[in-house]
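Below, chain A partners chain B and then partners chain C, in two separate complexes.
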Partner chain A sequence: MTGLLRELVELTDYHRDRCPPYDRVLRALDVPRGLPGAGLEDLPWLPVRMFKTHELRSIPDSDVFKVLTSSGTTGSGASRIYLDRDAAGAQTKRLGASLRAVLGPKRLPMLLVDTIGIITNRREFSARGAGVLGMATFGRAHTYLLDEHDEPDIAALKDFLAKHGDQPFLIFGFTFLVWQYLYEVAREHSLDLSNGILIHSGGWKKLADRAVDNAEFRARFAADTGLTRIHNYYGMIEQIGTVYLEGPSGDGLYCPDFADVIIRDPLTFEPQPIGEPGVIEVLSTLPRSYPGHALLTEDLGVLHGIDDGDWPGKRFSVLGRLPRAEARGCSDTFTTRGTAA
Partner chain B sequence: MRQLFPAPAETTAERVVAELSGENPLRFGDERVIDFLGKLARRLLAPDTARAYPELAALGFFLRPGELRKVLDTAPAPDGGYRFPRGLCFHVPPANVDTMFVYSWALSALAGNPNIVRVSPRVSGAGAVLLDALAEIADSAEPAVASTQRMVSYPRDPAATGAFSAACELRVLWGGDRAINELREHRLAPNARDLTFPDRASFAVISLAGWQAASAAERRAAVEAFYADAYWFDQAACASPRAVYWIGAGEMAEARDEFNALLAEIVALRGYALEPAMAVEQRVAGYGLAADGRVRGLDFGAGVATVDLADPADPPRQWLAAGTFAHTALSNLTELAGLVRRTDQTLIQFGCTEDELAEFVAAAAGKGIDRIVPFGSALRFDPIWDGYDLLREFSRLVTVRAR
Partner chain C sequence: MAIEERLRGVFVESLQLDEGAAVENLKYRDIEAWDSVGHMALVAAIEDEFDVQFDTDQVIDMSSFKVAVDMLRGMLDG
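Entry: the complex of A and B
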């Protein structure tokens, strides 16, 4: 049994002991304690949406240090993720360790492809804001590329590059913002980003209608701005602190050593072989304050290979969102989509 | 605002109301309406359409002149009295049951009413085919029909909904509770009223004795009929069964396993394609019930998710996911009568005797369940719906006593 499997098996019982609703689900599924003979793919998983419909936590009320919420775009409410002090510390630590693999040990000057409003406007604190805030800890000399009107601040960008552009610097942002604002502006003004290390996330959907996919994104950045150190990443608030980082050559996303990924058949949920798309399950030993160590996401992905790329382990891609199930019932109403009256 | 019937055109609420405010040329049970609906029926029963959309074939069957006359026979004028159209009716059908707007509208037209039907802008599939069929026959409609019937589609527009509400004598609202509450904020005229069809829940009952007495072929036919009831609208119509009650004194496990095996076989045979998102939905729903402590066991087969309910008195009434059934057992139907609520609508049954059903209805005493039908008839529209005799609702009586 690998260390990861042993830890995840232990974690399953750990959460069963502390989170009664979780234990009730596993009992209904007839999952035995200790999971004798189980492999990684046999571990019981929860649909990630359970964190929107149920309060699932493995810590008492008095230990709750932070509640993370993410409003989905699906209208079914927000996920609520409960962290105690240890969990909050551990997630930052693990995230830092994962990022150091590509950023090196020192904090780098940081260009954020966003507006400062995304973290200062507490009233509309969003998942995007949480992402920016979480990542900002890993840089210094923060410069926000967008002004309060979401327009690129060219002067600030030029100023940042004049000060820090001749040594490694960190760029962070959501994929479509990075493309729409950083790439287009840098190309237009012939800016040199060759010392940059770009960390980005958020998916390709908004870029699909511009016919920009990952390969195109990387090639154009390299050709027009000199930026070649690009790492897409995949992660979610329900497994905060666990990021699946893209390898240096862009050959797929990789799991940190305390996590794993399984692609499952979207109907039978059996594990898919390499090359077959399916629903992404994410496994991580990080969630200890809530039973989020094995989650079935609502994202589609595909496994490209194991131990055959930039880094050891599995490499995979995210293909997009699972379309939302829509029922054709009588109670499907005009109002639920805001067109009543 | 888009007018879809009689002629496609841009229009306004004021214009629609003005056009329908003149003298009503229709009578209760008007032959011109029967004739027009008969033309629609023929279109819907055309082999290509009927094959592609069985729900349209069912609607076509319902709209045939012979069937409509049978419905009319159920609402005769009272002795010494007269039955007349109620007046302008405004229908807001559910957004996603493609064919429902026609049942509601057709019966109201049969009663001789001018009608405004608000068709969902999201109409697709069978609903779109239906609108095409209506458009094709619109030209040949008698002026008395074309001039009194309007189907319109518009996005959120409180002014338009308000105008239609103020002008109508009867407002027919289908949909979720929230939608209905929101729509009812628009004031009606003092003499007008609402006929509402809000969220409902429906169940299946299977008599264990009836099941055991049935032949293998009868059992299979029963499950095929159940399949149609449950899967037709992704189990989300008000009349779609969600919980399955096994009724009897003996051990249910064997019968239930046989039922589930047959259902899985039929789901596979019919090529019902569970979408990946729906497979996830089944898990979210089943796991959610389990987390809430309402479940003893869960089983997920191909296209059929089975929930072993912990407490028969606590069935899921909300939609779970297509192909998700909460099974439980009770020793007799009278126990079920104690559990039903006003919001419970249809009981589909297999194997119960007439006496058992009569006993159940007497025990439930109208506090829930409006309709009991055999397996296979859950979605078959009936002119008595949610306990309302629709033709009577759509008409008014004038009584005469000379002395």
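Entry: the complex of A and C
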């Protein structure tokens, strides 16, 4: 039994002992305690949607330190994710460990393709704000590309590049903002981004009408701005702190060592072989304050290979939302009881 | 000036505390001003005052005034 599997099996019982609604679901499914003989594929998963319909937490009310919520764009309720102090600290640390592989230990000068307004309203925090703030820990000399009207501030960008452009620097933003504002502005003004390391996320849907996919995104950035160190990532509020990061050559998303991914047939839920699209299940040992360690997402993905790419392990891509899944904006979270770390 | 005193000044100014506020036992998130947004500003202010640069892990680990003092001692004496 691998360390990851053992931890996830233990975590399943851990959450059963502390989260009665979770235990009721597993009892209804006749899942035995200790999961004898189970492999990763046999671990019971929860549909991610259950965090919208049920209060699922494995900590007493008095220990709740932060509640993350993601609301649906169609208005059908929000996931509620409960963190205690330990969980809030652990998610930042694990995120940091995952990013260290591409950023190194030093905090790099950081260009945020967003507006500072996204984090200054502390009461109503969006997913964009939570993402920006979570990432800001890994940079210094933070510079925001967009002004208060969401217009690119060319002077600020040029100033940032004059100061920091000759050394490695970090760029972070949501994919469509990065394309619409950073790429187009940098090309128009012939700016050199060759020392940049771009971390971006948020999906390709908003770029589909411009016929920009991941390969096009990477190729155009490289050709027109010199930016080649580009890492897309996949993650969700229901597994906060776990990010699936794109390899340096863009050959797929990789799991951190405390997580795994399984692609399942949408009808039979059997694991799909390499190359067959299916629903993405995400497994992570990080969630200890809520039973989110094995989740069936509403995203479609495909496995490209195992131990045959930039980094060891599985590599996969996200293909989009399940056709029947309700539309959910990824940029629509806010927190209560404080702000996201 | 001792590290504690200088750091106290940075805390008071960055977190907009009252002039005589006690910071010696202050911990991250004890007060509204020291949330994750405040933390970023605080870290930048400490780096400016002491002319140091913290690594990512140090930013994450800086969970109290006391921890910050210890970190600075290690960096400035070394």
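Everything that follows uses one rule, which is that the second predicted complex is superposed on the first by the 319 of 341 C-alpha atoms of A that agree within 3 Å, B and C clash if a C-alpha of one lies under 4 Å from a C-alpha of the other, contacts with A are read in each partner's own complex, and residues count from 1 in each chain.
Criterion: a residue touches a chain if its C-beta (ideal position, glycine included) is under 8 Å from a C-beta of that chain, and two chains touch if they have at least 3 such contacts.
Given the structure is predicted, the values throughout are model-derived calculations rather than measurements.
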item: Touching partner for A:323 - first (chain B), second (chain C), both, neither; value: first
item: Which superposed partner A:298 touches (first chain B, second chain C, both, neither); value: first
item: Comparing the two partners chain B and chain C, which touches a greater set of residues in chain A; value: B
item: Partner chain in contact with A:50 - chain B first, chain C second, else both or neither; value: first
item: Which superposed partner A:268 touches (first chain B, second chain C, both, neither); value: first
item: First, second, both or neither for A:32, with chain B first and chain C second; value: neither
item: Chain C-contacting residues of chain A that also contact chain B; value: 338-341
item: Residues of chain C defined as touching chain A within the complex; value: 29, 35-37, 40, 44, 47, 53-57, 59-60, 63
item: Sites on chain A touched by chain B in the complex; value: 21-22, 24-25, 27-30, 46-47, 49-50, 53-54, 56, 266-269, 279, 296, 298, 322-325, 327-341
item: Touching residues on chain A, where the partner in the complex is chain C; value: 65, 89, 92-93, 96, 100, 103, 105-107, 119-120, 122, 133, 136-138, 140, 142, 338-341
item: Chain A partner contacts - residues on chain B that touch it in the complex; value: 92, 94-98, 100, 120-122, 155-158, 161, 174-179, 182-183, 185-186, 197, 199-200, 233-238, 240, 274-281, 283-284, 286-288, 290-293, 295-298, 300, 302, 308, 319, 321-322
